[in-house]
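Naming follows writing order (A, B, C, D and E), and every chain is counted from residue 1.
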Amino acid sequence: MSMDIILVQTVVNGLMVGMIYVLMAIGFTMVFGIMRIVNFAHGEFYMAGAFLFAILYGSNGLPFSISVLLAIGATALLGLLMERIVFRKFRGNELNGMIASVGVALILQNSALLMWGSSARTVPPVVSGVLSVGGIVFPWSRLVVIIGAIVAVVSLNLLIGHTRIGRAMRAVAQDAEIAQVQGIRVDVIFPVAFVLGVSLAGFAGVLMAPVLSVSPFIGLAPTLKAFVIVVIGGLGSVPGAVAGGLLIGLIESFAGTFVSASLSEILQFLVVIAVVLLRPQGLLGRKEREA
Amino acid sequence: MSMLQVESLKRSFGGLVAVRNVSFEVNEGDFLGLIGPNGAGKTTLFNVISGVLSPSAGTVRFLGRDISGQPANQTVRQGLSRTFQAATIYPEATVIENVARGTLASNVSGLWGGFLSSKWRVAAKDKASGVLDLFGLTRRAGLKARELSYGEQRRLGVAIALASEPRLLMLDEPVAGLNPEEAAELASVLRRVKSERGVTMVMVEHHMRTVMGLCNRVVVLDHGTLIAQGTPAEVVSNPVVIEAYLGKEAIHA
Amino acid sequence: MNPPTTKPMSYVGIAVAVGLAVLLPWFAPNQFYVHLATVGCINLMLVLGLAIIARAGQLSMGHGGFALVGGYVSALLSMKGWPPLLTLFIAAVVAAVIAAALGWIILRLRGVYFVLVAFAFSQIAVLLALDMSSITGGANGLVGVPPISIFGYVLRAKPQFYPFALVCALTTLLLTWLLYRSPLGTMMAATAENQRLTESSGIDTHRVQVIAFTVGSGIAGFAGALSTHYLRFISPDSYTFWESVSYLTMLVVGGRDGVLGPVVGVVVLTPLPELLRSTEGLQHIIYGAVLVLCLMFVPNGLASLIQTWRSRQRVATTGAARVAEEVP
Amino acid sequence: MLDVRGISVAYGPLTAVRNLSLSVADGAIVSLIGSNGAGKTTTMKAIIGLKPVSGGEIYFDGERIDGASAPRRVGRGIALSPEGRRVFPQMSVLDNLLVGSYSQRDKAHQRKTLDQIYGYFPRLVERRSQMAGSLSGGEQQMVAIGRALMARPRLLLLDEPSLGLAPIIVDEIARIIVEINRDIGMSIILVEQNAKLALNLCNEAYVLETGAVALSGKGKDLLASDYVRRAYLGI
Amino acid sequence: EDSVTIGVHASFSGAGAAFAEGMLAATDFAAEDVNKGGGLEVGGKRYKILIKQYDDRYRAADAVTAMDRLMIQDGIRFVVGPMGSAAAVATKDQTTSGKVITMTLAFTPRALGADAPFAYRPVITTGEFSDPQVAWLMKNTSAKQVVSLLPNDETGQQIGVANFNSYAKAGAKLQVEYFERERVDFVPILTRLLTKADGLELGGNSPTTAGLILKQARELGYRGPVFVTGGDVAAEMLKVAGKDAAEGVYVHLPIDTGLPDTAAYVARFKAKYGPNMNGFSPFFYAGLQMLFTAMKKAGTVDDTTKIATTLDGLSDVPTAMGNAGWTGEQKYGIKHQIDLPFYVGQMKDGVVTKVATCDVNACK
């Protein structure tokens, strides 16, 4: 392969991986932005989505679209359950909410372990083959993920930025008491936001299941990545999550291609520190007024 | 003697210039009023002087020293304290504790002072109860600060600032949220603080009766620019000020 | 300020608790309990370190990183022949210096941003330990770390090591208590509650936070080293993200307000996995549920139950006084 | 329209409002005055539903509402401009205003009210897309009042609207209050420290002291009363 | 009734749980066999075999705590485990001084040694199978410049070094690249590495990871030979990468399902625990069979020193995977490494065919 093809390939691949991260990060950032909970169980919903899809589509052979809908629906239901039982009690209490989410992660992960066993499963590819343009290879399976991610990002951004319910969510995020006096039913907004956030994670899991493998332990890594991305992108900012996800994806891709895999991770963290230092409010976050 | 000198001070936020080329002085013993329409840049000016924000251009001198851009905590230790426009307190601590925390910087030397003795605590409490007394909050000393009403929280904010024993105290709308009687009461407290403790004061205030009653000099800002200064009487009869700030009904309750 | 009101009753309580801890090797049915107690002592130091950082309003999710650094420093030096008793302290200093340098840069960051950078630091520490295999032994870690010896008396077995760990833990506890009572401790609490106001009261809050971060991380370095000499082994997996989270968990479950919280958190959560061991397979689910329930029903930490119980009478009387006062 | 009958409100062991009654007639402006901590804000919170009452009843349009949630009461036509402004700091001025019309789904209505508010506060037009948190205190107050108006309430609760405003704006706000009341016939409860202003504007006024009504009557009458003049006007 | 308890000390939570499950299953079967026959007859008494499991959560400190509990609290003298290398090394002193017989899965050479007379390893590690396999593969293919991708953990680093040496001995050059454990996207690394390689070594990865790498390498257009000289990856890899991508790949076969006893074990596992058997499972079964044999021979269930000495002397013990004995004297200074045959297979049209049978010296 010639150098410029490798370069293009590296960029393209970085964008692909980046979009995968973006998908995780936007759900995470939503839950944080609105409920002020750093949800370390976020990845477990990703795991649940992936597992349900693997079982429905992979093992039971249900049609693709039905499997997708059922898997996401069930993840959403699980999210609703968790919100009602656990997370609603921790709204706005960042520290306790975070630790409680660790507890939930433990519960969900080990329940999956009990129910589905520890070994990794694979899902037959939904689409196969590669799209090859001038020597550059795009595996179709990943293009599907990218398209899915883009759709999710765009619609979420529209929802939050420009709709009545989106505005209500933001208002609740900033001052729940005063939001109530605007006629906003806070007790509805919180679960809606939470379920939306974890459904996105479930959706990510569904999309990724055919590309990667599924086991009860796949949740943590994307959660940590999402955490990193969300913070460098600016908490609660969807465009920030996109920028952060793409940035991390590109770093990973370039460092992996041109330096070495183990350095790539260190490099990512150094970049994170640099970004946070130079723009403490995050790449696209906004500063609050002092005094 | 001039205590605070502000020279050609400027501060902008992105494209918006909130304070533009402002110069004035505060002399020892002054009670300077700073008035101007909402958004004129008064709070921004306070922030720049006290070190919460750094200036975009210009200098601030306090007691002959250039303090522009210096961190707020250092400025406070040199004798310049300020209060905030919004009630700024320690909501979970008791009222007396709130004020005692204000005395820390002047009470112990350095960060490690008083590590093994507890004399400092007694001294801090003593000082704090003195200040509370002055502000009529003694009855509330044991309550958590968040349990106070808004007006009381405002008063508490002033008390905390005073506890650091400043030579120059800058007050951002101290009587906002107090009723006229209470405003008058606080005014008399401030007057007493000034005469008994020799504290020079600068005050941002929209309550003109308080400004007229307390200040010996008034500076008027509009759109970040200094548009007038002089004695209260001069300023309130200045047509530019009436036009920009006071409105037709020249003196308000 | 709020000086912890130490009444004669509390002195008796403290004395009884310390006495029980000291006598443990004699009445414990077997050495497994001594082992658990030793682990508890080490955990207590780590959690106290975290509590000091939290006192100044920051949350370190990279606490394990400093323990890891301390562990490696002490292991490597003592394997070169330095006396472990000395390298323990060097480990603390190295961890503290790194924390100070890092803190100086990152503590301008608030809340979650700080958490992230501390987290990133600990990840980098793990990755470096993995990658610099010529020094750190890579993923295999370092085996054969020498035991601590005090004036020739070698702390090899559990009953010998435990008293030393206990002394270290109690000393840390005492120092933390003194710190909380001191003006600096008050400044930390003030900074945590309202940084802008504290700054405007003439206190350099940035320095206060750096000091808290440095001291807390130094303690973590010491505890990491202590644990390394106890297990006589360290590897990059010894202090991962999950360890950092578990110290936080102990702190939050125990309570953050005083020194009692960390003690309670450690005493409850260190043996909990052992109690649950017989539930094979369900233990993590139960552990997670216990965590969630604790946070739900005792959000201020288990120690707050004790405090409420102790001050119930006091509250009742002042409450009545307050109401009486309100009546015109 | 609003009938508050003998409510009590407590914060833990402390009773902030006790056995307080007041009523607001259709299209009336009612003022509440009183010193700090008298319980004015607490009363407002009890009316809008942010604070549950521990005794007494509240009727709105003849229906009992003290059991209803705040959003439900807003839906019925009560709005609050809270003490200390409480704008949504990280939302633009426009979004703040739009959130105010959350219970008002009609788009055309919304536009009309928005224009009306921009008419009252021209300053907000130029700040439309600025984050509300970076506005000056006075500007934020305008946003808070505007936001409450966006709900097109029939009863508007204004908690210290003149707080921190320049005299010229206070005049402005006073004028707007009168205008709103006159144009739309909106009933208003006004909590004010600026007693002179409040008493001048209102039909009916209540003086609160330590959580209870100490005095009530026509605004003009109270303005003339010796007690009020001494205690609240500083004369 | 008298009983002997076997402790299973492994990582039942976390990513290693599949291994732990395999170890537990082996113990379960071995105990079931004995108990069905009325118990283990030692010195005229019959002992029922009980099992107790201990989770070390894949953390060294937890491993020590769990081992302490197992030894001191529960008084257990026979352990299947520890599982990870860190756990094995960290608990070595404890088990040695407590005279506890352990059967570890740890790949580290330091798990065995003259200083650990009670530690045995019933599984075959890279140290054993790498040399003969690589020599055979290099003889039968034309690869000279081989690249290897491995996770950056103790197992990965261990295998990386062992493989590097084996390839050097066989006259080829191996370039080892470590990646962080959570990585799932290998395209960047492969892009760089495959430009100058004529062979790809995937041994030491989990089956799924090996499959993912293979799939991504083929997507990038790599057509050269692929070797998987470790683990039991064939079935899973086929599933993940697909038949086409897997065609021609050489794989390590720890067991030969052509042997009736081995096939029976696999079937038994499938019936009770599902289709995904960890390839190490039958080895622990074999190890326990040897242990029980030694107990009977030694005539004691308490004197672990005597049992260990007897165990050391066993050879040609019939197990599910053929006759087993101990080896490893040269490498570890103690004969505590199990000696069983292993195999090389090749993927052809979606099925694995055995192409060579090996022992620690050579493949044929």
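In this text, contacts are C-beta pairs under 8 Å (C-beta built on N, C-alpha and C of every residue); 3 or more make two chains touch, one makes a residue touch a chain.
Bear in mind the structure is a predicted one, so any value in this text is a computation, not a measurement.
Under the contact definition, chain A and chain B share the contacting chains C, D.
Farthest from chain A, judged by the mean position of CA atoms in each chain, is B.
The most distant chain from chain D is E, comparing centres defined as mean Cα coordinates. Chain centres here are Cα averages; for chain A and chain E they lie 36 Å apart.
Averaged C-alpha coordinates put the centre of chain D at 75 Å from the centre of chain E. Note on chain placement: the centre of chain B and the centre of chain E lie 74 Å apart, centres being C-alpha means.
Our note on geometry: chain A versus chain C, Cα centroid distance of 32 Å, whole angstroms.
Touching of two or more other chains is recorded for residues 43, 52, 84-85 of chain B. Under the contact definition stated at the top, the residues of chain A that touch 2 or more other chains are 109-110, 113, 262, 265, 290-291. Listed for chain D are residues 14, 134, each touching two or more other chains. For chain E in complex with chain C, the touching residues are 12-13, 53-55, 58-62, 64-66, 68-69, 72-73, 85-86, 89-90, 92-93, 108, 110, 152-158, 180. Here chain A touches chain C in the complex through residues 38, 40, 86, 89-90, 93-96, 98-100, 102-107, 109-111, 113-114, 224, 227-228, 231-232, 235, 262-263, 265-266, 269-270, 272-273, 276-277, 280, 282, 290-291, going by the rule given at the top.
On the side of chain C, the complex with chain E involves touching residues 30-32, 35-36, 39, 127, 130-131, 133, 138-141, 143, 227, 231-235, 237-238, 240, 242-243, 273-274, 277, 280-281, 283-284.
Against chain C, in their complex, chain B makes its touches with residues 50, 52, 71-74, 76-77, 81-82, 84, 88-94, 97, 100-102, 104-108, 111-116, 118, 120-121, 124-125, 139, 142-143, 160-161, 163-164. Of all residues in chain D, those touching chain A in their complex are 48-50, 69-71, 74-75, 79-80, 82, 86, 88-91, 95, 98-100, 102-103, 105, 131, 133-134, 147, 151.
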